[in-house]
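Listed next: structures, encoded as structure tokens.
Each of the next two complexes has chain A plus one more chain, namely chain B in the first and chain C in the second.
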Partner chain A sequence: MLRQKALVDVLGQVNTSGVDGSWLFNKEGLLLAYVGTEQKEVASNVSSALLASVWTALERRANDLKETILVLEDGVIVCTLVARSMMLAIRASKQTDLGLVRAKLHSLSAYLEQPILSISHDLG
Partner chain B sequence: MSSKRKVLLMGKSGSGKTSMRSIIFANYIARDCSRLGPTIEVEHAHVKFLGNMVLHLWDCGGQESFMENFLVSQKDQIFKNVQVLIYVFDVESREFEKDLRYYQSCLEALLQNSPNAQVFCLIHKMDLIEEDKREETFKRREAEVLRYSELAATPLQSERQNAVCQCFKSSIWDETLYKAWSAIVYHLVPNVGTMEDKLKKFGAILDADEIILFERATFLVIAHAVLREHKDPHRFEKVSNIIKQFKLSCTKMGSKLDSIQVRNSQFSAFIDSFTQNTYVMIVVPDGNASAPMITMNVKNARKVFEAIETKP
Partner chain C sequence: MNVQQELEELMLTYEGVCAIFITDHDGGLILNVGLPASLDNSRFRQQLIVSHVTTIPQIHKLSMGGHQTTFAMYESHQIAIHSLAKYYFIVHAGCNTNTGAMLALREKLAPIANYMMSVCPPIDGDGLMPPPSYPSAAAPPPDFD
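Right after this comes the complex of A and B.
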């Protein structure tokens, strides 16, 4: 079982020093949880769908894709795979150091790996 | 315990036994019931319920000549090995007194032949009574039925409590039919207690307001867990009624209902196919609750509930 509250708590922990949003969604782009400031232009469930489609497009060209970094006009979004079936993404402002953002992404994904793996394992 | 239950459906001619059976178990809609003719003698129907349980419905024709037969020459055959008697009264009947006497004789026959049977009475066709008088009429009828139940039970000096039965008001035109049948079915399902416990735990994990378990074919409520009180006591039957209608229209289009999501700013509701024999409905107080997350948790819970269902 996945508790919405617990998940939101965990995801929220990275939202410090420049990082202002974190998503967990599945490979189809369906949002499981988003924590952070809600963008006016794009809803969080739309952005998760977009991120997933970017990921699948890139994955088709490169085998064994580990991580994507999207540098946008007003920020960066880094994205990685968790437990083979889920995707984790975090957004930061442009001023934030990329190394820090990536470090946050990887420690969060390492933390979520086991729990999510056990849930998807149950699903068979 | 055998998974076959013998259910007797009795009552005066034209009281609506076959109609309600058709709606609940044979996917009729209320309108179609006008096509039904009177039942001759006994119609047997085997209904699969919750997969491994078979309800053996004896729909007994209500005309007086049949009734006499049931009570005299076929008494043993009819009243032996009964698990449930459902007696249907027509609320508008002009000869309620006479109906009651028949009821008393049936009950006596039942008590002699299957002392452990449970008895439910439905005061049917409530839609014919004006709305503000319904409660009062029902109360009056119920009191009479209970009085006659006592009359039937006392001479036998049996300890059984079931003779003093439960009464329900019902009408095929609204959700009361589902309420009555859900209550009846509730007594037939094994492991209901375990299921409700698990549902409560499941609900706590999901932070849900309410979780309801429906039987797949009939959409009757089998078990539910309320984690936060709701002001409408009739909501289960309403949902049963609405979703079943919707499911029937899906079937007409040649597709199968799998899941439904409803949300507004205050809540999200998910109806999802659950185990082989059930649908589950989850209501969460958050309009933005994530559907994939709920679906995933539902999938995870499925195994637990499948295990409870298949437990002998």
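Right after this comes the complex of A and C.
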């Protein structure tokens, strides 16, 4: 099984150097874990649903979507798939170098791949 | 300024960029360079515009400020969609194109957007905001579901 405390610890490791939030959620937008500063206006479970919705819209026209980057006025959100069934997203401030954010996303995604694959198999 | 020519030059400057097209915030095509004429009304372009326009209300609900750029990396290609003034600049490139360059293209497209705004300003004179009587996909009403 995936231990929640360990998962939160792992997600929290990327929250440095301008990165202030990381989500793990499924493609339906249901949140598994969030670590980071809570936004006043939008709860983390709402953000995950919105990000999943954006992903689904972009994936609708081509099934081979690997990664998205949303550049907004107050920050950047990068998002990728983990183990084909889960999604990992990271929020960073606008000043953070995008290469660093993507590197964190890719290493976290690679680290989580095997544990999530194993629980996917358990569920399947 | 010849916008079509400027876009063609930009497209040739950035290796791997194969098309740039400009739409308004409702998805209507304004200008298109790179795609062959036979693909002008292709499903590809229409789906791309529609899928992007449907994401805008969700992105605004994240409460992280206005949309600037959406970048999507697919196995076979990459798409960058820059919101500039009241236009979307959609850049389509191959999978080996430099991602940073596609994002930085925004700076190069800004003068083009400004020129287009000066050629065709909104009737109320505000160069950045659509007239309040015309709701735009870029700024959904607060009660939008």
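Please note the rule applied: the second predicted complex is superposed on the first by the 124 of 124 C-alpha atoms of A that agree within 3 Å, B and C clash if a C-alpha of one lies under 4 Å from a C-alpha of the other, contacts with A are read in each partner's own complex, and residues count from 1 in each chain.
As a working rule, contacts are C-beta pairs under 8 Å (C-beta built on N, C-alpha and C of every residue); 3 or more make two chains touch, one makes a residue touch a chain.
Just so it is clear, the structure is predicted and the values come from calculations on it, not from any experiment.
> Check chain A with both chain B and chain C modelled on it and let me know: fit or clash.
Chain B and chain C fit side by side in the superposed model.
> Quick one: is A:Leu2 in contact with chain B, with chain C, with both, or with neither? Answer first, second, both or neither.
Once the two structures are laid over each other on A, A:Leu2 reaches chain B alone.
> Does chain B (first) or chain C (second) touch A:Ala110, or do both, or does neither?
Neither partner.
> Which holds for A:Val71: it touches chain B only (first), chain C only (second), both, or neither?
Only chain C; A:Val71 stays clear of chain B.
> In the superposed arrangement, does A:Leu31 touch chain B (first), chain C (second), both or neither?
first
> See if chain A has more residues touched by chain B or by chain C, and give me that chain.
Looking at chain B versus chain C, the one contacting more residues of chain A is C.
> Can A:Ile119 be said to touch chain B (first), chain C (second), both, or neither?
So A:Ile119 only meets chain B here.
> After the two structures are laid over each other on chain A, how near do the C-alpha atoms of chain B and chain C get, in Å?
20
> Which residues of chain A are in contact with chain B in one complex and with chain C in the other?
In chain A, no position sits in both the chain B and chain C interfaces.
> Quick one: which bits of chain A touch chain B in the complex? Just the residue numbers, please.
Residues of chain A touching chain B: 1-5, 7, 25-26, 30-33, 119, 122-123.
> Of all residues in chain A, which touch chain C in the complex?
Contact set of chain A toward chain C: 39, 41-42, 46-47, 50-51, 53-54, 57-58, 60-62, 64-75, 77, 91, 98-99.
> Could you list, by residue number, the parts of chain C that touch chain A in their complex?
Touching chain A from chain C are residues 44, 47-48, 51-52, 54-55, 58-59, 61-76, 100, 103.
> Applying the document's contact rule, which stretches of chain B touch chain A when the two form their complex?
202, 205-207, 286, 289-293, 296-297, 299-301, 303
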